[in-house]
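Dropping the structures in below, format is structure tokens.
The two complexes that follow have subunit A in common; it is paired with subunit B in the first and with subunit C in the second.
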Partner chain A sequence: MKGWLVSSVVVNHEVGLHARPSVKLTKLAKGFYCNIEIAGTLTGPWFNAKSIVKVMAVKAGQGTILHLRAKGGDADAALLALSTFVSQDDDGDTSDAAGG
Partner chain B sequence: MKENVGIVIVSHSPDVAKGTADMVRKMVGTAIPLAFCGGNPEGGLGTCIESIIAAINAAWSDRGVAVLVDLGGAETNSEMAVEMLPAGRRSKVVVCNAPIVEGAIMAATESWGGASLQDVKRTAEELSPR
Partner chain C sequence: MGTPPMQQAVELRGKAASQGIFTGPVVALGDTAVVFRKAGNPTIERAALNAAIATAVAAIRSLATDNTGDSADILEFQIAMLEDPELRDRALAAIARGSSATAAWWDALEREVSVYANSSEDAFSARAADLRDIRDRVLRALSGEARTYPERGCILLGDDLPPSLFLETDWSQGGAIALRQGSTSSHVAMLARSRSVPMVIGLGPDWPENCKFAIVDGTAGLVLAAPPPELIAAYAARSVAETASRDADGEFLLRPARLQDGRHMDVLVNIVSVEELAQIQPQSCDGIGLVRSEFLFRDGAALPNEEEQYLVYRAMLEWSGDRPVTVRTLDVGGDKPLRGLTTDDGGVLGLRGVSLSLQRPDVFCIQLRALARAAVHGNLKIMLPMVSVVQELEQSAQLLESCVMNLQAEGTACAKPPLGIMVEVPAVAIAPEIFAAAAFFSIGTNDLTQFIMARSRAEVDVPDTVEAVHPALFRLIANVARCGKDNGIPVSLCGELAGNAKYLKQVVAAGITSLSVPPNALARVKATLARI
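Right, the complex of A and B next:
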């Protein structure tokens, strides 16, 4: 775990980290330069949080603990943003008119 | 603004094409070029090369365009549509070997992040049965 900042959060989304929240988490992760990985257990396997296919495959359900780790220049900010997102119980408006 | 790879959805059914595009817009957003077509000119199930070409041009991006298809004819007609594009555009369009709905969401998410055409295609195809 050398160099990684780690954060563990309870998934509060009503349906867990399913399709729509997975897309949002991936988009959020892509906004940071650091390496970001997620896992269902601290011992791994760890998956690239910027890969939508990997994030969806984790299938973290509501109430489960999701582990996040980040390494690199903006790792602090990335972990904060992602943990906040995962611990929300609502992914809010999914429109993205301002995104991109 | 950074240009993103365009996504085109080609289904035998106009409803499936439109519904898939709706999912992409609602889940990934409207920041990426997106177009869809489905059905034959008579309004039945099928695909139409002219409509596919129009959709590719509508979603055009200099970064390239990834086409998601459903069954047989959608794939062969999409490949023919690519062949009929001007030479300069032909090499920037790929037909993905991926499930249409899931592939479109994956491809769009990857495109949103600014990925190359090859990375968009590879991500969509990560879902394909081996």
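Right, the complex of A and C next:
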């Protein structure tokens, strides 16, 4: 566990269940040199955030908590960028706005 | 009149995945016949697999250039999966152990497909079709065979349909999709809805043998295999009528809503952001009946300050002109968590809505001040969510009063908007007269239904549940409407029920004269009201 920076965020994005946000997340992750992993629970298993296959496997649905960890030179910036992305809910999705 | 001998029509019930009716010839999609290569030496097999993946990616890329929006997103997802070393490396490892490229790729993907297909979450299991799609595309590239395309204007029948086949099919002459399995949340279903291709899923294995002609009713979720001529004629008439009714609904959009007897109904619109207003014609509604302000408070980001909120509310009021704009104060907690403000305790029964705002007067006052300042620019009303006891209304009124006094003391232009409440807690719907100090009542049927039924919103959204609850729900709606009439308090209805054409007659019968609905429901609701 040594050297990992960890951050936990509430998923507002439909990461994991939906294809488009997962693709965006991996693209974002690939922009950093450090190792980045994500998990549904702090005890793991941890998955490579740069792999679409792995990101989909986390099955992080909206409203759940996603844990992110990063290790390497730009770990700080990577964690900030990824947690901001995951906590956003404005992916330009135009789902029907129901009332009440 | 003599009837020619005919095949017996078979009705297959499934689930509606995309609306509309189509009658035509059936094309059965065959299973992928995999021609397994004999394993050559690992170097050759590795090169073959890499080349096949590259071919598949190139083919999808060229398809992507012809498509935009959802279609392009789906194709981009497929490319990302194909380019992910995760899948490729699994296959390459098998090749190193002596597998053929075909067997190695098949096994690697099959393992992944089964994980998805067995998931209980629909959104997740629907991705299995995407994986099979890329699996088969690479296998075709390996065997060098070309895909055969169905003719135009056909009903495609299969277990499931790969999204790329949908995108490569020419739908210009119409067509439909009938699936034995499938999912309403699959990519194909999404595409079918966006292109108005009728689609029914979950038909099961009982397709009659040799049936080459059928009617797909994507509205009712059924398929009529081998239909007799009378049935074909009846469906043709219905199809024409449905198209006409969609066009006819559009005529009502810009007119004031009236019932058949000429009585006026107010129909307002629900919005979540100021950006949405650009898509809505101001003449199409009687104002904004519900601004769900919690969407201004995005989780993770800083809470918007007074000035930011003021500018948003002001823009909405300027769009609306003289017509009312009802802003619901922050409604978070329960199923709508907000970091730094809400706690997880208690689920939907936890601290939420106005009671949460009252515990955090620092946050609440910022919103009330922004609203009081915006109020000078139009016809603004403030609505409190999740009110359950009268003290919440009284305390909120006092806070609003003090915010207005402070603003006046600072010399800032402001006004005190009327303060009303959401009626969504059963206690309030049962005894609304206790809340007679409210300037208006707005019934929120989504939460009200959930609390009456003691079921989560997700379950209440199932139409059958609404069906089951309606006597109790409509009795409460009528109770609130009557109380409003007796005490001179305006009552409106802003839940999902208001936008549902099926229940409008009962809503009107319960004494409701004002509705607030999602923008895309405006035309349909007005058209439906005109027939009541």
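For this structure, a couple of remarks:
Here is the rule we use: the second predicted complex is superposed on the first by the 87 of 100 C-alpha atoms of A that agree within 3 Å, B and C clash if a C-alpha of one lies under 4 Å from a C-alpha of the other, contacts with A are read in each partner's own complex, and residues count from 1 in each chain.
FYI, a residue touches a chain if its C-beta (ideal position, glycine included) is under 8 Å from a C-beta of that chain, and two chains touch if they have at least 3 such contacts.
Remember, it's a predicted structure, so these values are computed and weren't measured experimentally.
Look at A:83: by the touch rule set out above, it reaches subunit C but stays clear of subunit B. In the superposed model, A:20 lies in contact with both subunit B and subunit C. Applying the stated contact rule after C-alpha superposition, one finds that A:63 touches subunit C and leaves subunit B untouched. For subunit A, the partner that touches more of its residues is C, with subunit B and subunit C as the two candidates. Of the two partner chains, subunit C is the only one that A:12 touches; subunit B does not reach it. Applying the stated contact rule after C-alpha superposition, one finds that A:30 touches subunit B and leaves subunit C untouched. In the superposition on chain A, A:53 makes contact with both subunit B and subunit C. Shared contact residues of subunit A, touching subunit B in one structure and subunit C in the other: 19-20, 23, 26, 51-53, 96-97, 99-100. Within the complex formed with subunit B, the residues of subunit A that make contact are 19-20, 23, 26-27, 30, 50-53, 94-97, 99-100. Only residues 1-2, 4, 26-32, 105-106, 109-110, 112-114, 123, 126-127 of subunit B touch subunit A when the two sit together in their complex. Interface residues of subunit C, counted against subunit A in their complex, comprise 73-74, 76-77, 80-81, 84-87, 112, 115, 119, 121, 123-124, 127, 130, 187, 270-272, 276, 289-290, 292, 298-301, 335, 337, 339, 424, 444-447, 494-496, 498-499, 516-520. Across the interface of their complex, subunit C is touched by residues 9-10, 12, 14, 17-20, 22-23, 26, 48, 51-54, 56-57, 59, 61, 63, 83-84, 87-90, 96-100 of subunit A.
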